[in-house]
Amino acid sequence: MAWQRPDSRQFNELRPISFVREFTKFAPGSVLTKCGDTQVLCTVTIQPGVPKFLEGTGKGWLTAEYRMLPGATVQRQPRELMKLSGRTQEIQRLIGRSLRASLDFKALGEYTITVDADVLQADAGTRTASITGGYVALADALNNMVKMGKLEKSPLCHQIAAISVGVIEGEPFLDLNYIEDVAAEVDFNIVMNEELNIIEVQGTAEERSFSRHQLNRILDLGEKGIQELLAAQVK
Amino acid sequence: MAWQRPDSRQFNELRPISFVREFTKFAPGSVLTKCGDTQVLCTVTIQPGVPKFLEGTGKGWLTAEYRMLPGATVQRQPRELMKLSGRTQEIQRLIGRSLRASLDFKALGEYTITVDADVLQADAGTRTASITGGYVALADALNNMVKMGKLEKSPLCHQIAAISVGVIEGEPFLDLNYIEDVAAEVDFNIVMNEELNIIEVQGTAEERSFSRHQLNRILDLGEKGIQELLAAQVK
Amino acid sequence: MAWQRPDSRQFNELRPISFVREFTKFAPGSVLTKCGDTQVLCTVTIQPGVPKFLEGTGKGWLTAEYRMLPGATVQRQPRELMKLSGRTQEIQRLIGRSLRASLDFKALGEYTITVDADVLQADAGTRTASITGGYVALADALNNMVKMGKLEKSPLCHQIAAISVGVIEGEPFLDLNYIEDVAAEVDFNIVMNEELNIIEVQGTAEERSFSRHQLNRILDLGEKGIQELLAAQVK
Amino acid sequence: MAWQRPDSRQFNELRPISFVREFTKFAPGSVLTKCGDTQVLCTVTIQPGVPKFLEGTGKGWLTAEYRMLPGATVQRQPRELMKLSGRTQEIQRLIGRSLRASLDFKALGEYTITVDADVLQADAGTRTASITGGYVALADALNNMVKMGKLEKSPLCHQIAAISVGVIEGEPFLDLNYIEDVAAEVDFNIVMNEELNIIEVQGTAEERSFSRHQLNRILDLGEKGIQELLAAQVK
Amino acid sequence: MAWQRPDSRQFNELRPISFVREFTKFAPGSVLTKCGDTQVLCTVTIQPGVPKFLEGTGKGWLTAEYRMLPGATVQRQPRELMKLSGRTQEIQRLIGRSLRASLDFKALGEYTITVDADVLQADAGTRTASITGGYVALADALNNMVKMGKLEKSPLCHQIAAISVGVIEGEPFLDLNYIEDVAAEVDFNIVMNEELNIIEVQGTAEERSFSRHQLNRILDLGEKGIQELLAAQVK
Amino acid sequence: MAWQRPDSRQFNELRPISFVREFTKFAPGSVLTKCGDTQVLCTVTIQPGVPKFLEGTGKGWLTAEYRMLPGATVQRQPRELMKLSGRTQEIQRLIGRSLRASLDFKALGEYTITVDADVLQADAGTRTASITGGYVALADALNNMVKMGKLEKSPLCHQIAAISVGVIEGEPFLDLNYIEDVAAEVDFNIVMNEELNIIEVQGTAEERSFSRHQLNRILDLGEKGIQELLAAQVK
């Protein structure tokens, strides 16, 4: 007997996705991203100047920070104070790499964009929601910069979205929630652009392994999910 | 000529206050508190166990954490990572002391309550909003504990609210916003309970001093503001 | 029956205060301040340069550091190494703000004054002793700078002193020692200048609250104590 | 014209691989792993006890630490002292996950295995060399435990190896060295077991993207390389 | 022509030494040690319990902490906060080892003695003054413990003192002050007990080297100085 | 009955010493130093620039870092991450001071030399092996700089070697291994140059003391050992 999804979704069905734009008013881009019960506040700020290794190149940069608020989970989680966990660092590096793939840094010029992804409520898929919602906040922030005359035109050149796929009892499922995430034997995160080309793919078999055949089915599901997310972003 | 408030308020007029309860769903108390453009997410969690100095006393404890999200201000503020600033520590200690004054810890038993105050948008008054909104989240969390049968009755024994008063050009004003806060020569925070007795009073003259007479006028304003906040909390 | 003070003082009586000036010889200001059994070594040093936010303004700055030596209390207290406690940070920020109120920073020019308050022996009231004694060390240091020709005239424009008042069994007492401090239900620190105008007031009700009427009696006591400290400083 | 490999290898040719076993004598497993000019010292130690979350489960654990010695690269690299970089954390988490996939932790019992991968010389591919060589050191360490009578039989149940594939000028190449790594637009790391099932796959497009077709060619190359590594490990 | 000592001392003459006992009243041993212009406050506290490696052995332990107050030198020195300098660690380890050589830890039982050496004024020789004065504070603390009935008899079994010797322009001098310390090409610290047996000897040639012959003359001077210090301690 | 050395050496016999030069290829100096079972990888790198206090003086600098790999001992030792132990700091300061005594910094010019001593296998004497082997790596690195035309001539002006001597059961022994080190009541480290002049001498009596007579016998042994090491280095 196959895995019954706790929320009765089809194996290839996304959770409801929504983007509350201008959620806060001081940051140029601010989007409360909801994927089912996962809620991530993505704010984007843009400041003059770049890290040392880019100074004088005329190119800009984008960096990301990711945190869970302590009350985001059923069990309160302590804040990471003296050092970031490996998990947090991996996630914020992934968000940064993924969203950098959307930009023409030459066109941006020597500005540094910071994407802050703060998880207000966590029901799995927080890193992919951060990328998908972070893209919307990034687009808003760049458009605001153009409107305010600080940039001539938006340096955005690719649309980016991300989704997770998991394997439960040997079968792939799209966009796992927390209960499913715990049950999954393989955990995949896929980042693609508007041409469905791959920006990043990360797949881990916890305690198991998976075949090339399974990998292809996982990527098929991921493509389907990302197509829908790309459409939702455009709205 | 007297100071004209940027939002045309009377000298003794609060900003609009609202409490969005159950803003997130995993924490037993979660209130998005809005005081004008200041927005603080207050979440309250309750866990068995107490700090070492209370073990075996049968008494509970309450502690608070306060943070600004980086995008809460017009200029992005870096997260406090390796150490908390003195300002942050002062504020979270104040929130903790103030809300502890609302509780009968003997009635709570050996539980630790954590109040997380995360500022999503900052337009001054974040520490007093954290206390006033934290009280509402605390009451919700305790009621939920009673409903779930984890506590026999709520250990809440005092209602608590807090407000700021500032002196600008020699005159006191209630509930300053950011523009006023920068202009103020004296900065006061007042915490009171439902009997208008004082829990905490902190007043600082930045670059100036103030007289006993001014102090009394400040406290009069504070009392008026707190009366209105107490009424808003009850609703 | 009223509270009997352990050292038989009147409710409005200070502990003996003394200032051993030039206690060490390398710092321009060095005062061993004794308030009863509380002993704080206040040293003041002055260095060219100011923090970033003041560079180029022609204005100076004053900052304070506060520490307890481990042997200052009956029970040895570990040094604060990796991070300062919230208590230490609050105290050193209070000392800094209070003593900045004594200076005309324009007249000082771009120098940074550091006040180090090291508690050699602690019997309560260490933060107010640090301010009262720090003022004496500050005046000495500035006079030495003038004598050495490094400053044209002392930028000191206000005299500053500080005292604590506590409420025990509902009644206010001046200048608590450690035994009284533990017994107090309200703890007040008051900083005033030579005109008895208020620089800072901080009052906390530990587990209780207090009325406007009590607050006035506390401030009356504080005024009396500070008048005597101001006189002692002048000597 | 196609990319000419700096060391004249075929596009699908590994660098020479060798394992110097028992390189040091105090650790039960110690293998100096050489992949071309990349040299990683993998030592494996086994200690009684497990992390908190496994206590009492009867299951063991494996964790990995990864570091570069400062002289491993042409430009000396400072040691990571106060905190580990995101890169180091990602790598050591990858090594740990990959080698955990080789073990039956129930058969191991409540022991913790630590794999230390110290890079003595770095010419790219250090993380995959750490996994491939770490597996050999792990097998040695477990065999030694069996010989010494501390374990009844080795809990090793899968053979694990890892390799990198990169895309340069649109074409995939196996096992990049440093010069190639800098030139690559896509960077892939693949971990497989003896059945050529996938344990982990991580692919990143730096500044570009890649198609499903390219992904398949990358995985084909990876499979070929891992088959050869598995054979070399067995020797 | 030979080096003229800035304070006209003979080459083999100590600076004036004095011990102000019971300098503070809460620690069982508290000695303000003055060697010329060097002033170190040595406080000794004794607490039940020992470090892990001694638990259950019936033996006690002694540990030392050393710090310079920021105002101890002409140029203010920042406090060591996030980490101790190598110099500070070396010194406090030396003080600890030296004073441990005075004790019969079996006779002490499972207590931990902490020696805090806080330099109030620094004119070179602070580490040797810490040892010599720390011994006096240690003896006082142990005698107080005996008087208070907490120990049957003092576990002190050796008298310990320490002194520095330096080589300036090829010639050895006893007990250098700061000006001499800067000029010295060889810097020696010698710790001996009441039988003039050596507990520790550390000699460093900064930018030079020294011969066995010079070493012997240095040790002769050290012996003479330590004999005088031992006599001063007894008084 | 006298102490029988576990490896049957004479009391004045060194362990076999060897230097594997060019052990790694990217650092200009890289020597795997073996003293019996102690193995230290010494790599030397040279970079333009000097610490602040030397800028503009035309003089260079040398600094050293010392670490034990976790698998270097029978019991795995955790890496020192957040802070270095006092022992590690003492050792790396000693290595630095000792090797600085070999150089004419004026002739070097404003370069900073870093000596990294990484202990791969530890059987006592790691600090002296680091100095003796570090000297060989330093000479190689400087010769390489001369060959590459980056320095006109090598600034090496003294040959440096170091050895340990210990006292066991009252008798001195040369070059202790780990078993002997644990048994020793006195622990000595001696650094000398090619004229057998002393650069540094550090002797500690753990729980005991030693006489001037013993000190002389210790130094005699040390001289003999260092003569042999100097000869081995030259080869």
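When the chains are written out, they are named A, B, C, D, E and F in that same order, and each has its own residue count from 1.
Keep this in mind: a contact is a pair of C-beta atoms (placed from the backbone, for glycine too) under 8 Å apart; a residue touches a chain by one contact, two chains touch by 3 or more.
Chain labels with UniProt names: A, B, C, D, E, F = Ribonuclease PH.
Computed from a prediction, not measured in an experiment: that's the story for all the values here.
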**Request:** Would you indicate which option in C-E, A-B or E-F repeats the interface seen between A-D, with over half of the contact pairs matching by residue number?
**Result:** E-F
**Complete:** Per mean C-alpha coordinates, the chain lying farthest from chain B (Ribonuclease PH) is F
**Complete:** Cα centroid separation, chain B (Ribonuclease PH) vs chain F (Ribonuclease PH), in Å, comes to 60
**Request:** Indicate the whole-number Å distance between the mean C-alpha point of chain D (Ribonuclease PH) and the mean C-alpha point of chain F (Ribonuclease PH).
**Result:** 33
**Request:** Averaged over CA atoms, how far is the centre of chain D (Ribonuclease PH) from the centre of chain E (Ribonuclease PH)? Could you give it in whole Å?
**Result:** 52
**Message:** Based only on mean CA positions, could you tell me how far chain B (Ribonuclease PH) sits from chain C (Ribonuclease PH) in angstrom?
**Reply:** 28
**Prompt:** Which chain D (Ribonuclease PH) residues sit where two or more other chains touch them?
**Reply:** 84
**Item:** Sequence of touching chains round the ring, chain B (Ribonuclease PH) onward through chain C (Ribonuclease PH)
**Value:** B, C, E, F, D, A
**Prompt:** Where on chain B (Ribonuclease PH) is chain A (Ribonuclease PH) touching in the complex?
**Reply:** 23-27, 30, 37, 39, 41, 43-45, 47, 65, 67, 69-74, 76, 79, 81-82, 84, 114, 116, 118, 120-122
**Prompt:** Where on chain A (Ribonuclease PH) is chain D (Ribonuclease PH) touching in the complex?
**Reply:** 83-84, 86, 89-90, 92-93, 97, 100-101, 158, 192-193, 195, 197-212, 215, 219
